[in-house]
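First chain A sits with chain B, and in the next complex the same chain sits with chain C.
Our next item is the complex of A and B:
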C-alpha cells in the first residue's frame, strides 16, 4: 500500500541490465580484434628470406602424404605451379633437370604443388614435361596461403632447419640458376 | 500350323530375352550435359585466380578447366551438392558465392542482423529520450526550490499582468 501512495518520482529506480551492455561491448571488441588480425595478416605481404617456413602437408597424386616436419635435415625446393600457367612451363624442364641432378645425393627434396588445377590437366602437364619428383594438388589452397603466395609460378627454397633461404616469384631461367640457390641453401 | 506356332513362340521369347540381356551388358552411356546445367552451378562459384568474377562468365583458361570439370562430374551422375562439396574440399570455401556457415564464416550471417538490431535499439532509445520529458508527470512539491517565491520573478509577472 505504501508503494502505491508514492508518486512516480518517488518510486525506486529499476536497475538497468548492465550485462547487455557488457555483452555488446565484448562482442564489438572481439569483432575489432578479428578485423585487426585480418589486417595484420594482409599487411604481412610475401614471405621473406630468413623467415621460418610454414608447416604443410602435401598429399601427392599417387597418394603419398608428405609432412614438412619429416623433411627436417633436408633442403626443400617447393614449387607452386598450375597447368594453365604459361610461365610455369618455362621452368618445368629445368626443375626436373635440377631434381635429377640432386636426386642421387638424397639431401634435397623437390616438391610440386598444383594450385587450383584439375587432376586431368595436372597429369597432362606432368606427362608433357616428364616430371618425376613428387607432385600433388594444393588441397583447399592451404599451402598457397600458408606461404602467402601471390601467383604462379613461385618457388621456395627451405634449408635443413626449416628456414626460407630463397623466394623466386617468377620462373627460373636455367638449371644453373636453380642449382645456385639450392647449393647456397645446402651450405648453410 | 499349330506346330509352327509352337516353334515361333519360344524363338520369339529367346530373341526378346537375349536383347534384354544385351541391353543390360551395354556400358552406361554418359549423360548429355548442357552448358545451362554447367552454368547453373558455375554461376554460384568463384575461381581463386580471378576473384570477384563468377565461374560461368570468367574467360580465363583456369575457369574453363573448372567448367569442364563440372561437366565431367555431372556426366558421371554427381549431384550438384556432391560437386560443390568436391570443389570446397579441393579448392577451399572461397570457391562458393555463399560460404558454408561454419567457423568464422558464421560472422557473415550473424553480423548483418545483429547490426540491424543494434541500430534499431539505438534509434528506439533516442526516440524515447526525445519524448520522455513530455510524458513524465509533473510532480509538484511545495518545498521544492522551484516553487519558492523569487522576488524578481514575482515583480516580472506583476509587470506583465499590467495592461
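Our next item is the complex of A and C:
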C-alpha cells in the first residue's frame, strides 16, 4: 500500500521534465546529423582528374567578373594561394613566368584566387612577385570549396571542354613543370 | 616474422575484447561472479597482447624495415634511434596503436584495484573500457594498419596491402621519407603521448559514471573512486596542452603559442569540462548537491574527447594539424553515435534518482561560487564548440564553409576568463553553506586594496594605459594575494596550535590537505600563466625588415645587426641556412642569435627555427624569413618582442606541480591506521 502511494506521488514529477528530454534528444540528433553531413562531404575527397570542373565566378581585384562558362575553349590554370602562405611564394615567380610564356598565344588563361586573405596583404604579395595575370579574392571561400581544395597552394588545370586534367597540391617546382602540365591540357 | 607477431597479437586482442565484453555483460546481468572474473582477466590480458604489438612495431621502426608502408612514411636511415621510437606516433596508424596501448594499460590498472566494496561496478567498467578498446583496435586492423607492406605490381605501381596481392612482389626500399620535420623536436616527442594519456585516462571516470548509471548506485562512491583518475587525466591533458604550446612557440615560427586552431580547441574543450568537473565534485562530496551536473560533466568530457578526435582525424574539419583524411570516418561516426546515444539514454533513465540531498542556502556560499565558476567554464566551452562546428553549420545553411578565426575566440572568451580569475580570487575566502556579503567583504577588502596597489599602481607607473591590461593585472594580483594569504593563514594557525616552525607548518599543512593546497598551487600557476598571456596578447610587437650585411634593425630598445649568413649540409639530411645577428639592448651588447631555416631533403620541407633571447622581461624572437643569394646583399628578418612570455612557461611548471600535489596518493584510511598501529607496536618489540 505504502509502495503504491509512493509511485503515485512520483508520477507527476516524472512527467514534468519531458520537454527537457525531448530537447536533449533533439539536440543530440541535430548534432549527429551535422556531423554526418560533414563526414559525407569529407569522404568525397579531392577533385579527381577527368571530373568536370565546377562552375565558378571570380571577381578580380580590379573589378572584372570572370565566369567559368566564358572560358570554354581555353585552357585554364586556376591557382589558389594566400599571402600568408610560405610555400605559395616558392611557385609565385614560376607561375608568372609560365603566364608570360603563354600570354601571346591567347589560348591559356591563368587565374589567381586569394583564399582567406586581406586585400592589402594580397596586393603586397602580387606586387612583390610582379604578377600580371588576373587575380581576385575568393569571396566566401566559394571557389575553394567548389574545388574541394585542402589547403594552399593548389593549382587546377582545366582543358578547353571544362574537364579537369591536372591537380597540383603543393607548389610547382619549376616553370618546366607548369609548362608540361599545361601543354598536356592543350593537346587534348 | 616480428610483424606477423604484432599483427597476430592485435587480432587476438580484438577477439579477447569481444569475449570480455560479452562475458562482463552476461555476468553483470545474471550476477555471475565467475563470468565477471573471467571478463576481468580478459581485460588484463589485453595489455600484454597490445604490448607485443606495439613493441614489434617499434622494433620494425628502429631497425628500418622499409617494406612496411608505415615505417617508410615516418622514419629514415638518418634519424637518431630515439626519434625512430617516437615515430610510433608520427602518423595515424602508429598513433592508434599507441593510443590503444595506453588505453589498455589504464584499464588494466583499474581492474587490479581492490573491488571489495564496489563489486557491482566492475562488470560495467570492464564493458565500457573494452568496447572503447575494441573500437580502436578495429580501426587499426581494418582501416589504418601499420603492418601493411608495400608491394610492387607488374605494372610498376606500388600499393600498400596487408597480404600479398596477385602478381605483387614485396618492394625492398632502402630508405624512408623520414619523420615530418616539425615533429623532430623534444616537445613533439612528449606532446602527443601526454595528450593521449590525458584523453585515454578520462575513459576511467567515464566508465565508472556509466557503471553508476547502469547499477543505479548513484551516491558519490563513483566520484570518490575516480577522483584521482580524473586528476591524473587532467594532469596529462594540461601537460599536453602546455607542451604543445611550447612546441608551437619553438618550432612553428609564428611567434605565438596558441592559434585557436580546431585541433587545439578539440583538446581544450575536454580540459574545460574536466576542470569544471574537478571543481563541482567537491560540492557533491561536501554538500550532496549537483549530482546531475557532475554526471553531465564527466559524460561531456569523455564525449568531447571522442568528438574532437573524430572531427580532426576524419577530415571533417581542416586544420594546420594536418592529419591525413582517412577511411576511419564512418566507423568513428558509428562509435560516436553509440557513445552519445548510450550515455544520454542512461543519464535520462536515472535522472530522477540523481536528486540533490540539500539546497543552496546562500548565493555567496562557496558552493554557489563554484557553480558560477562552472557556468563560466561552460560559457567558454559554448564559444569553443560553436566556433568549431560553425563551418559545418554555415555549410549546411549557406553552402559556404565559413571558418571563424582567433579574433572571434579571443573577443568572446576574454571576459569569461576574466570572470574566472575574479572568482578564483573570491571563492577561497567564502565559506561552505552560508557566506554573506558582510563576511565575504570583511575577508576580501585587504587583498583587494593590496591588489589594486600592486596590480594597477605598478603597471601605471611603468606607463601602461590599456584598461584591459590594468584590469588583467589587478585580477592576477588579487588571486595571487588571496592565495598566498590562504597559505599564510594556514601556516600561522599551525604555528599557534602545534608550535611548528613556519616551513614545517607549510609542509605539514599541505600534506594534511593536499587537494586544497594542491589546488591553490595550481591557482598560483594560473596566475603566472595569466601574466605571460596578458603580456603576449596585449603587448606583443612585431616588425619585419630586409637589411644588408652589417645593417641593423632598431626595434623596441633592441638593435639587431645582421652579420653573416652561411649555408651548409648536415649528416642527418638537412641543408641549414643560418644567419648570425648581433643583439644590443639599450646600447649594451647582449650577445648573438642564430635564426635559421632547415631544409629537410627527404621530405622536401623547410622548417624555420627562430633565434630567441629569453628573459623574464621579454623574449626577443627573430625569424629568418628570406635571404638573397649573395649574403652580402641582405636578408629579411621578422622580429617579435614577446613581453613576459617566460612567465607562461614558469606558470606551466607551477601548475603541473600543484596537480601532482593534489593527485599524490593518500594512504588508504584502513592501511594508515594499520601502519600507525604497527609503528606504535614497534618500540615495544625493540
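Before moving on, here are some points about what is shown:
Methods note: the second predicted complex is superposed on the first by the 148 of 188 C-alpha atoms of A that agree within 3 Å, B and C clash if a C-alpha of one lies under 4 Å from a C-alpha of the other, contacts with A are read in each partner's own complex, and residues count from 1 in each chain.
Just so we're on the same page, a residue touches a chain if its C-beta (ideal position, glycine included) is under 8 Å from a C-beta of that chain, and two chains touch if they have at least 3 such contacts.
This structure is a prediction, so every number in the text was calculated from the model and none was measured.
In the superposed model, A:26 lies in contact with neither chain B nor chain C. By the document's definition of touching, neither partner reaches A:97: not chain B, not chain C. After overlaying the two complexes on the shared chain, residue contacts for A:82 are found with chain B alone; chain C is out of touch.
Touch criterion not met for A:55: it reaches neither chain B nor chain C. Of the two partner chains placed by superposition, chain B and chain C are both touched by A:116. Chain A is touched at more residues by one of its partners, and among chain B and chain C that partner is C.
In the superposed model, A:150 makes contact with chain C only, not with chain B. Looking at the shared chain after the overlay, A:34 reaches both chain B and chain C. Using the contact criterion defined above for the overlaid structures, shared-chain residue A:141 touches chain B and also reaches chain C.
Common to the chain B and chain C interfaces on chain A are residues 24, 31, 34, 116, 140-142. Against chain A, the residues of chain B that register as touching in their complex are 47-49, 60-62, 65-66, 68-69, 72, 89-92, 94, 104, 107, 111, 114, 118, 136-137, 139.
Every residue of chain C that touches chain A in the complex is listed here, in rising order: 310-311, 314-318, 322, 325, 329-330, 333, 336-337, 340-341, 344, 348, 351-352, 389, 392-393, 395-396, 398, 400-403, 606. Chain A meets chain C in the complex at residues 10, 13-14, 17, 21, 24-25, 28, 31-32, 34-39, 41-43, 45, 86, 116, 140-142, 145, 150-151.
Against chain B, the residues of chain A that register as touching in their complex are 7-9, 24, 27, 31, 34, 82-84, 116-118, 120-121, 137, 139-142.
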